[in-house]
Each structure stands twice: as structure tokens, then as C-alpha cells.
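What follows is a set of structures to go through.
Common to both upcoming complexes is chain A, partnered first by chain B, then by chain C.
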Partner chain A sequence: MSTATIDKAAPTRKVKYGSMSRDRTWALRWSYFFLALFAMFSLLPPLYMLITSLKSSAEISAATNPWWVFHPTLSNYIEILTSNQFLRFFWNSAMVSIFVVTITMLISVPAAFALARMRFWGSATLATGVFLTYLIPETLLFLPLFKMFAAFGEFTGIPLINRWYVLLIVYPTLTVPFCTWIMIGYFASIPKELDEAAVIDGASWFQTLTRIFIPVAFPGIIAATIFAFTVSWAQFLYPLVFTTSIDQLVLPVGIITTLIKGDVFNWGQIMTGALLGAAPPLIIYAFLMDYYIAGLTAGATKG
Partner chain B sequence: MVDVAFPPNRVAGAGGTRKRSSLRTALKRKSTTAFLMTLPLILLIVILVIYPAFFSLHLATLNKSMQRFVGLGNFEFLFKRDTFWLVVKQSCIFALTAVFFKALIGFIVAHFVHNIPAKGQRKWRGMLLVPWVIPPAMSTLAWLWLFDPSYSAFNYTLSFFGVGPIPWTGDAAWARFSVILVNIWVGAPFFMIMYLAALKSVPDQLYEAAAIDGANWWQRIWYVTLPMMRNIIAITTLFSLIVTFANFDIVRILTAGGPLDHTHIFATWAFRVGIEGSDVPLGASVSLFMLPILAIAAIFILRDINKRGNEA
Partner chain C sequence: MADVSLRKVVKRYDEVEAVRGIDLDISDHEFIVLVGPSGCGKSTTLRMIAGLEDITDGDITIDGDVVNDVPPKDRDIAMVFQNYALYPHMTVAENMSFGLRLKHYPKAEIKARVTEAARLLDITDLIDRKPKQLSGGQRQRVAMGRAIVRNPKVFLFDEPLSNLDAKLRVQMRIEIKKVHQKVRTTTVYVTHDQVEAMTLADRVVVMNNGRIEQIGTPNELYHRPATRFVAGFIGSPAMNFMPCRLEDAGGTLTIRLTDRIAFPLPGPRAARYTALPRSEGLLLGIRPEHITEKRPHAEPGIESFDAVLDVTEPMGMETLVYFTLDGIQVCGRVNPGAGAKDGAPMRLAIDLNNMHLLNEATGVVL
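Up next, the complex of A and B:
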């Protein structure tokens, strides 16, 4: 842009223009060089996971170059994918994440609609409050929640501690505030004329929401869904605190508690498990990167 | 405008008995519907966030068996322990260093991505954001393996340069470095993406004007880019400071607080004391020390929102 302006303003000074463009080329080369360096830094651990997952235990403990696979084998994958334990963790994680995403959307979309469009007593305060709740870290709440659930179990006889469904109760505290917040942003950006037209045509509030707001703000809904899924898939502290039996564990905790036995690390299997555990968010990200980024930036820029 | 649609309903409601109609009109009213729609959200926040937050204040005043009120006894006990002060120091070192470098690296990388032709930006951005997408618990395992003392890929590579084996997680200073490094690796892409979005919103004319005035690249950054990005830098730093102070996964998996409690931060020590040591009240007291940073953040954000309200 700037070079073009200078070109127009001083077409006779060819030399100057040439040096600018040479500077530009060098700036570009340096940019690519550093970007490559940073990309290497970013991709190093996942690549190393992949490299290790293709090695046999013998090759891992041999004193060979750790950055190369000399005898690639799929034995780690076969072992992990045929172990009932691992499949159980995967199944638990998938179930928890899908339920949490559903619960989150059912709570946050109507709430965001009400907060964005239907002013009522305390709605502005509530919107700010939702945002502040998002800032309260889970590391502050896990001990009181642990005691609360234990007390609830004693009082009603319904056990919550060490059951996978306890995660369905606690995960929404992490996902709902953020999803509500970004949905408020998306809903608020829809022109008022659209819902006024709908109301004039006799649509109820519910119809306005399902026929107008949800279709128009669909990118926002996808972004919120991805966020809720990623958070519930990756959460580590809550399952570590609330679940202990092998059959109730979710993937991250399961890999760490079962594959690490005492001081013996079976790195081939650990890396395979970690890679498979990282795969669902990575696959979603690969296909829906733009929604992912939209959700990420919407949360803070609208704050 | 909106109320136009509702009189028919009120007329219909008037047909019934007095009591039922008033209930029905209440239900038809906009504010009632809105309140019902937000009710699940309110219940969730009150029962599972606000109540536990106050409950942890109460927990912190109980003794270990949770039967006796000890007032500030837990805090007195904490203040006398060296480990506690070690945790305070390490939490501050960890959070401040990590956030500073995350912001710096994010800023630099965002500039590089912004520099290259728009066509290739998507690809680079995609690669650079990968650390943020992988669940931190999983990627920290990969780092733990990279740091492994005997078969470490890092030490193997360094041995070619004549650098002796480094005890990445075994020595206090190196362990502190390692947890910070992993945290930077996970968090820098977030800053990069935020700053990139902010950079794209700076109008080109400002840079052209600066170039005409003879500003060099440093002056362009200092007088144009930074002032334009001030808000986004403030808010991302604040966010990241909270999240980093409250970090758990990385430290827990990489060092579990070791060696000799030198890498414990509030969250991991609260877990060690509260869950593993089953002294829940003491653990709650430890985790309460994350509140000051939260309060500061809340004040800043509320001020920002009020300011915006006045401008609008």
C-alpha cells in the first residue's frame, strides 16, 4: 500500500523505489524465517508424540537418534485401540462432552437471547455478572464443590462423587458463561428491524428465536459449540478430583493415571494415547478453523 | 414497537377469571418470559459458582475435621510455613514471567504473520495455533517426554553441541524454567491470534501518514500500533494473568510441584493439601489467595464496561 503511494507521488525517483522494494523483500524473507522457527517450536511436541507413538519399546529405550523412527510399527495403536480400558475412557469423554455441549447450548442460547433483546429488571447487571463468572477459575471452586457433592450424596443418597455424570453438573460452569457471553455479542449484532418484522408478522418470542436469531447467528452457535466441546474434552482438574474408579474416568485423567504405573513410563503407549486424545479437537480445528478463531476473538474483543 | 403485538393476548386473557387472567398476563409479559429464559443460567451461576465461592470462605475458617470453627487459624498456620511463602513466590514468578513472554512472543509473531501476503497467512496461523487446540494435559505429557532425564530428546540434541545433560525437571531452577516454557508454548498462540485481529483493525492510512512523516519502524510501532492496540493488550493480559495464576494441568503433570515443592503454585498446592492431604479447609484457604488478582481484574473490567456505557 505504502510503496504504491510513493510510486505515484515520485515516479522519477526509481532508485529510492528500488531500495524500498528490496527492503520489503528482505523483511518478507526474515518474516518467513522467523515464522518457520516459531512454527517448528509450536509443532515440535505433537510431532514428537507422533514419532514416539510409531516406535516399539525396544527402540524407545535404545540409544539411537530419538528424532527418527527406524522401525516404524503400529503395535502401540493396536494395543491401545483394543484395550477395553482405553475405549472406556474414550467413550466416557465423548459422552460427557456431547451431553455438556447440549446442556450448554440449551441454557446459554435462550439466556443470551433474553439478555441481548428483552430488557428486564437487572438484565444489564446479569450480563456483566455472567462475564465475571467466566473469570472465576475452576481451581478456586473444586474444594467447596467436592464438599458440596459429598454432602449432597449423604443427604439424598444419590452418589455424585466418583460417578461420571457429576461432570455433567460441573462442566457447564466452565462453558455456559463464556458461550452466553459470545452469543450475547452475536445476537446484539443482528439488526433490530429483523425481529421487529417478525413480531409484526405475529411471531412469538420463541418463534423469533428459532426462526430468526438462531439461523442468522449460526456461525456464532458453531463457535460456541466448538468452544464448549474443546473445554469439556480438555478439562483435567475436575475429573481428577471427582472421579477415581477406572471405569468412571475420562480420557486425560485415564491416560495419566493408568498408563503411568509407579516410576515405569511406557512412553510409546502414553504418546499414542495422548495423540488419540488430542485428535478430536485437532480434527474439528482442521475443518472449522475460522469458527474456532471467531469464537476465540469474539470473547475478548466484545468484552 | 414490540408491544404492538401483545394487546390481543391481553384481551383474550381478560375473558377468564380474574385470578387466572392476571397469572396469564404475567406469563405473557415480556419481562417474565425473559426472566424464565435466563432462569437456568441464574440457577447454574448461583448454585455452582457463587455459593461454592462463599462456601470456600466458610471452609477456610474450619479445622481439618470440619467440626470446629478456628477463625483465621488456617491462615496463621499458613503464614508460619516456609512452603507457603515458596508457593506465593513461585506463583508470582510463574504468572508474571509466563504472561510477559506470552505477550511478547504473541506480539512479535502476530507482526510476522501480518507482514506476509494475505494469501499465505491462513496456513501459518493454522500451524501456529495448534498448541492452543491440543488439550494441555496431553501436550504436557509430550513435553514431559521431551524433558525425560535419561532418554530426553532435548538432551540428546544438546549433547552434539557439547552441552551436558540438563536436569529439566529434576533441578529447582530448571524445573521452574520448564513449567514456564510449557506455559508459554500453550498460551502464546492466544495472544498471537488476538493481536493479529487487532493489527488488522488498525487503518492503513495511519501507517501511511507515519511513513510520510518519516517515522522508522520502531516509531511506527510505538506511536501507531501500540496506542491503537492498547485496549486489546490490556484485556488479553488480564485474562491470561488470571488463567496463568490459576493454572493447574501443566505444573501438576510436569513436576507435580517438585522438586521439594519448588514449582508448586496455588492451585497445585491446594490440590496437594486439600485432596491428597485430605485437609479440605487448609486447601480452601490456599486457593483463596487467588482472589486478589481476580478482584483487581473485576475492578478493571467493570470500569471498562462503565466507561463504554457512558460513551454510547
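Up next, the complex of A and C:
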């Protein structure tokens, strides 16, 4: 019975060599499956927009395969890009977004620096408070804001309602809290010794911010900028409420207002306008994406 | 170049008193090392000198001026941090010149000072690199360079070598000493490593629990510790402490360690301790190097005894032997050729000329 004793000494369970890599293979398969599903889910609508934008009105309403273009045409693009109205919307959107991004960064970077580093009485509570304001939905805010701006207009004689620049006051209520929060996080990740070294080197708070913190937290600033730009470019509710005249409209509202006449939907041009409107954020993402990943703080301290 | 003094300096965080009223005078050109276990208040003291922490009570003067409310940038000090704290987006030269550029020094002078400091620290080749392209030792040199170019009144070092590996630490320790010999700037250096403290300092300040235990030259601390804490903290392996009792046996003062082991004290020691009460509550402090193998000839004050070795640790130039006396582990250092073996009995000698006698309750060396 010598075999039996050997069996006893042997492992009771069969050892699976390479089980780690088999686990990994399965995990990868599931990842691919869900990623593909998600990619399809989010990429099909733009694809459908692209297909529709290349069709004539007649073909859109015809009962053919909606996923195929039988007679491709650029007429929608030509009409949109030669229309003064559309170019006006585009211009308004660009102006609003650029100003809002600038205003946002000018407020949130110093605010985040103060909240993250200057440690004054109540700074922690204030930091949380800043973030909480972001949680109040715009659907709840737009009526009181409207009343406030109307009253302000009546009181001072400076018209704010139905002027594109009113959006420069409204949008930062969305962008500043979030960007401040992002920047607090970035600044907090900068080692404390770095500003202490700067202080000992003779830098003032302002110099510490501009010469040390902003360069070191540059990836964070890019991230915040992209966020502020996307929010102001894609904002719909506020411009819909606060602006009405054609020449004051921004792109998302302009497309809806001018290309839907009564119950007639000019689908080809709506899709074209929406696609063209989506282009600037895409381009900005493509150029600035690398900064998200760049780890500039590497080498600041041990590591 | 300046002297620094601390007068009854206290630092309190809410309920906790981190520094409990310390007095310290640092003279011009001096290299002072603050050493102690973590949480002893040494870093807080340094940061108060730097101005990075407010002083709760007391006065700090630099060059005769009280600087309690002077911001760090106006104290004319430079600091080297444990994790280097180099500006990651600047080159080595820019890192070193940052302070001078803020003060709008002429370009030519900045360049001259940076070149000189780089030469002194042997980092001339690295001047255009970014910190992340440097090794730990190189980063530490740059951090020192940043301090040197400022030509400040006082250098402050906050555990600058703790992040380096053991070999590099020894090398950088020598570098720091060389730099200090050249620039002669008053230096306050914080470390928890007693070897670093002993090797670098003109005077060592041993801190414990927010207070200064003892100030002295490395040799004073080693040979004449004032308290049990200093005696145990300085030196490696640490000093042995054994409960003991003084007895008068046949007209000579004797120190009794166990029922079995008692040694007559040598003349000078007996004279010094004779007034002490013959009671319990005393500790014999003896460094490992004063417990050796038995000497061939009898010498005054050197007594021999038998012990069974628990463990031996051959170190090459010596062998550390560990044995137990009445439940207390004792360490001795014997010649590697003396035949020490694990578990074997050995005849050992104790040099009572170098003994210390401590009050067990107060920890004071008598």
C-alpha cells in the first residue's frame, strides 16, 4: 500500500499553475465586452447624426434604411456654414465660453490656493461649502436668478435679460465651484515642503501661487479649463431662459430655435449644426488630453 | 553668520505641549545637532527657528534680534528639507537661484553664486537638469546648493539624509561636514540618528518629550551622560542598565548585581559613591565595550565573572555577546578570537572605571 501513503502526502487539491493568468484573461474578456457595449451606446448617436447630416430632406423622410446614405450631399453643411445666423450663434458661443473659462480660472485658482494652503479660520468649512453650491441644480436656480437679474435691470437701468453677457455672470455659478474643488485637490497633492521652501526662499503668497503652484499644478489647471469650457459650451437651460433675440443666442439654443419652425423639423440641418457644435470641445480634448496624464510633480520630493 | 538663541521657548498645539520651554545658545559658526526620538520636539524647534511655526511662548533671537514675529523670508535663514522640496518644474540652476531672483539680484552675481555653489557640491554637470532626472543624493546636493547660494545667517537641516540609503547617507554626511568646514555658516541640524548627531556636531542637543535632556560635545555625551535617557540613546549597541545595590563588605564599597555577583568598586569610584544610601533603587550603567573577555593580567577596577552566552553576533572586528543576569539582557563586546560561542560559558571582565551609577526612579546619573 505504498501508493496510498504517497497519495496522502500529495496535495489534496490539484494545483492549477497559471491560474492567475487565466483569471486575468477572463477579466479582460469581460472588460472588452462591456467597453465595446459602452462605446456602441455612446458612439451610435453621433454616427446617426453624421449619416443624417449627409442626407437631403427628401431622403430623410423617405422610408429607406436609415443607417445608409444612398445619395450623399453636402448641402446641409453649405447652408449652415453660409448662414449668418449660424455663424452668429457660433461666435456668441465662442465669446461666452472663452470669457467664462477666463473668469472661472481667475476666480477658482486663487480661491483653491487660499482654501488648500492658507489655513484661515473656517477654510475647511468654506471648501465644503463651495462644493455644496455645485450640488444645487440649475433647474432650481434659474427662476430666482431670472427675477434677480430683472430686478437689477429695473433698479440700475443696466439690461441683463436677453443679453449674451448675462451668461458670463450665470455660467460661473456652475463652473467656479467645481473647478475650485478640482484645484483644491490638485494643490493639496503638492507637498507642503514645497511652499515652505518657497516661503523661506522669500516668496510671498502670490509669488508662491504664480511661480510654484500654477506651474506644478498645470495638468490640474488644464483639466479644470476643459471642464469649464465644456460646461459653458454645452449649457442649454440658462441661455434658453435668459436670451431670446436671435442675435443674442448661443449655438445649442440657436439650433433648436431657428431650425424647428412650428412642427417642421429640419433634421438635416439640426444634425449638421449639432455635429459642428460638438467639434470645438472634441478638438480641445484631442490637444490637451496629454496634460491630463502628465505627472509634473514627479521629482519634487522623494520618489 | 550669526548666533542663535532660544529663551524658554514653548510650542503648544491645542492641548499638547510639543516643546516645553527650552533654552539653547548657538554661537556663530557652530554646528548644532538636535537629536531625539520621534515626537521629542526637535523638528518643531527647528521649524520655530525657521519661522514656519509660531512660538507659543518665549523668545528666539538671531544675531541679537528677537525674530518671534519676523516672517521666514526676513530671518535670513535657509532650510534643507527631508524630502528635498525641489521645485519640479525648474532646472537645478533655477532651483538654486529662485531665492536670489525673487530678491532681484543682478544676473551676473546670481550666475557667479550658482556656479560657485555647484562647484562646491560637485553638481556642475547637472545644472541644466530637472529634479526628476536626478538621483536622491544629487537632489539632496541641489537642496543644499539652494541653501548655500543664499549665503544666509543660519542653515537649518530637517533630517536631510533620512530618505537616502545607508551607504549614501554616510557619504552625504561627510559631504555636509566638508561643506560646513568651507562655508562656516551657523547650522542647526535635526536628526533621529545618533550616529549622524555624533559625527556631525560641534555640540549635540539631546531632546526628549519636549525638553532638552543634555547639551554637550559628542564625547561629553558619550562619556558623561547626565541622564539615563542620554546614556541609553547615545551609543550603539546601547548602554546596559542593571539593577544594583551598594554594600560595605570588609571595609570596601561593593556593588552587588545579583546574589552571586558583586564587585568591589575601584578607589575613585568608591570615594564618589560612598555617601549614597546602601539601598535598592540604583542602576549600574555600563557600555558594551567595557564588558570584554577576561584580561590576562589583573588591572585595578577590572573584575571578572562567569556568564553563559545566549547569543553571539560576529561583527568582524569584534563579536557582540549577549547574556542574561537575573533576567536582564546584557551586551558585551569581545575580541573575535576570544572563542565566544552561542550557549557556551565564558569568563568575562567588567571595567568598573568606566561605570555609571544611576538613580532608577529619577534617571539621573549620580
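In this section, the second predicted complex is superposed on the first by the 248 of 303 C-alpha atoms of A that agree within 3 Å, B and C clash if a C-alpha of one lies under 4 Å from a C-alpha of the other, contacts with A are read in each partner's own complex, and residues count from 1 in each chain.
Note that in this section contacts are C-beta pairs under 8 Å (C-beta built on N, C-alpha and C of every residue); 3 or more make two chains touch, one makes a residue touch a chain.
This is a predicted model, so every value here is computed, not measured.
Q: Once the shared chain is lined up, is A:T225 touching chain B (first), chain C (second), both, or neither of them?
A: Neither partner.
Q: Is A:V199 in contact with chain B, with chain C, with both, or with neither (first, second, both, neither)?
A: A:V199 contacts both chain B and chain C.
Q: Just checking: does A:M148 make contact with chain B only, chain C only, both, or neither of them? Give me first, second, both or neither.
A: The first partner, chain B, only.
Q: On the A-aligned overlay, A:T52 touches which partner chain: chain B = first, chain C = second, or both, or neither?
A: first
Q: Who touches more of chain A, chain B or chain C?
A: Tallying touched residues of chain A, the top partner is B.
Q: Considering only the touch criterion stated at the top, classify A:P191 as touching first (chain B), second (chain C), both, or neither.
A: second
Q: I'd like to know which partner A:V216 touches here: chain B for first, chain C for second, both or neither.
A: So A:V216 only meets chain C here.
Q: Tell me which partner A:S97 touches in the superposition: chain B (first), chain C (second), both or neither.
A: Neither partner.
Q: Of the two partner chains, chain B (first) and chain C (second), which one does A:T272 touch, if any: first, second, both, or neither?
A: neither
Q: Output the chain A positions appearing in both contact lists, the one against chain B and the one against chain C.
A: 196, 199-200, 202, 296-297, 300-301
Q: Can you name the residues of chain A that touch chain B in the complex?
A: Chain A residues touching chain B: 1-2, 5, 27-28, 31-32, 34-35, 38-39, 41-46, 48-49, 52, 60-61, 65-67, 106-108, 110-111, 113-115, 118-121, 123, 126, 128-133, 135-148, 169-170, 172-173, 176-177, 180, 196, 199-200, 202, 205, 230, 233-234, 236-237, 240-241, 252-253, 255-256, 265, 267, 270-271, 274-275, 277-278, 281-282, 285, 289, 292-293, 296-297, 300-301, 303.
Q: Quick check: in the complex, which residue numbers of chain C touch chain A?
A: Those residues of chain C that touch chain A are 50-52, 71-73, 77-79, 81-89, 98-99, 102-103, 130-134, 136, 139, 146, 150, 163.
Q: Using the touch definition up top, name the residues of chain A that touch chain C in the complex.
A: Within the complex, chain A touches chain C at residues 191, 193-194, 196-203, 207, 211-212, 215-216, 218, 296-302.
Q: Across the complex, what residues on chain B touch chain A?
A: Listed in rising order, the residues are 1-2, 4-5, 30-31, 33-35, 37-38, 40-42, 44-45, 48-53, 55-56, 59, 66, 105, 108-109, 112-113, 115-116, 122, 124-131, 133-139, 141-143, 145-146, 148, 151-153, 156-157, 185, 189-190, 193-194, 197, 204, 207-208, 211, 232, 235-236, 239, 242-243, 245-249, 252-253, 266-267, 270-271, 274-275, 280, 283-284, 287-288, 290-291, 294, 297-298, 301-302, 304-305.
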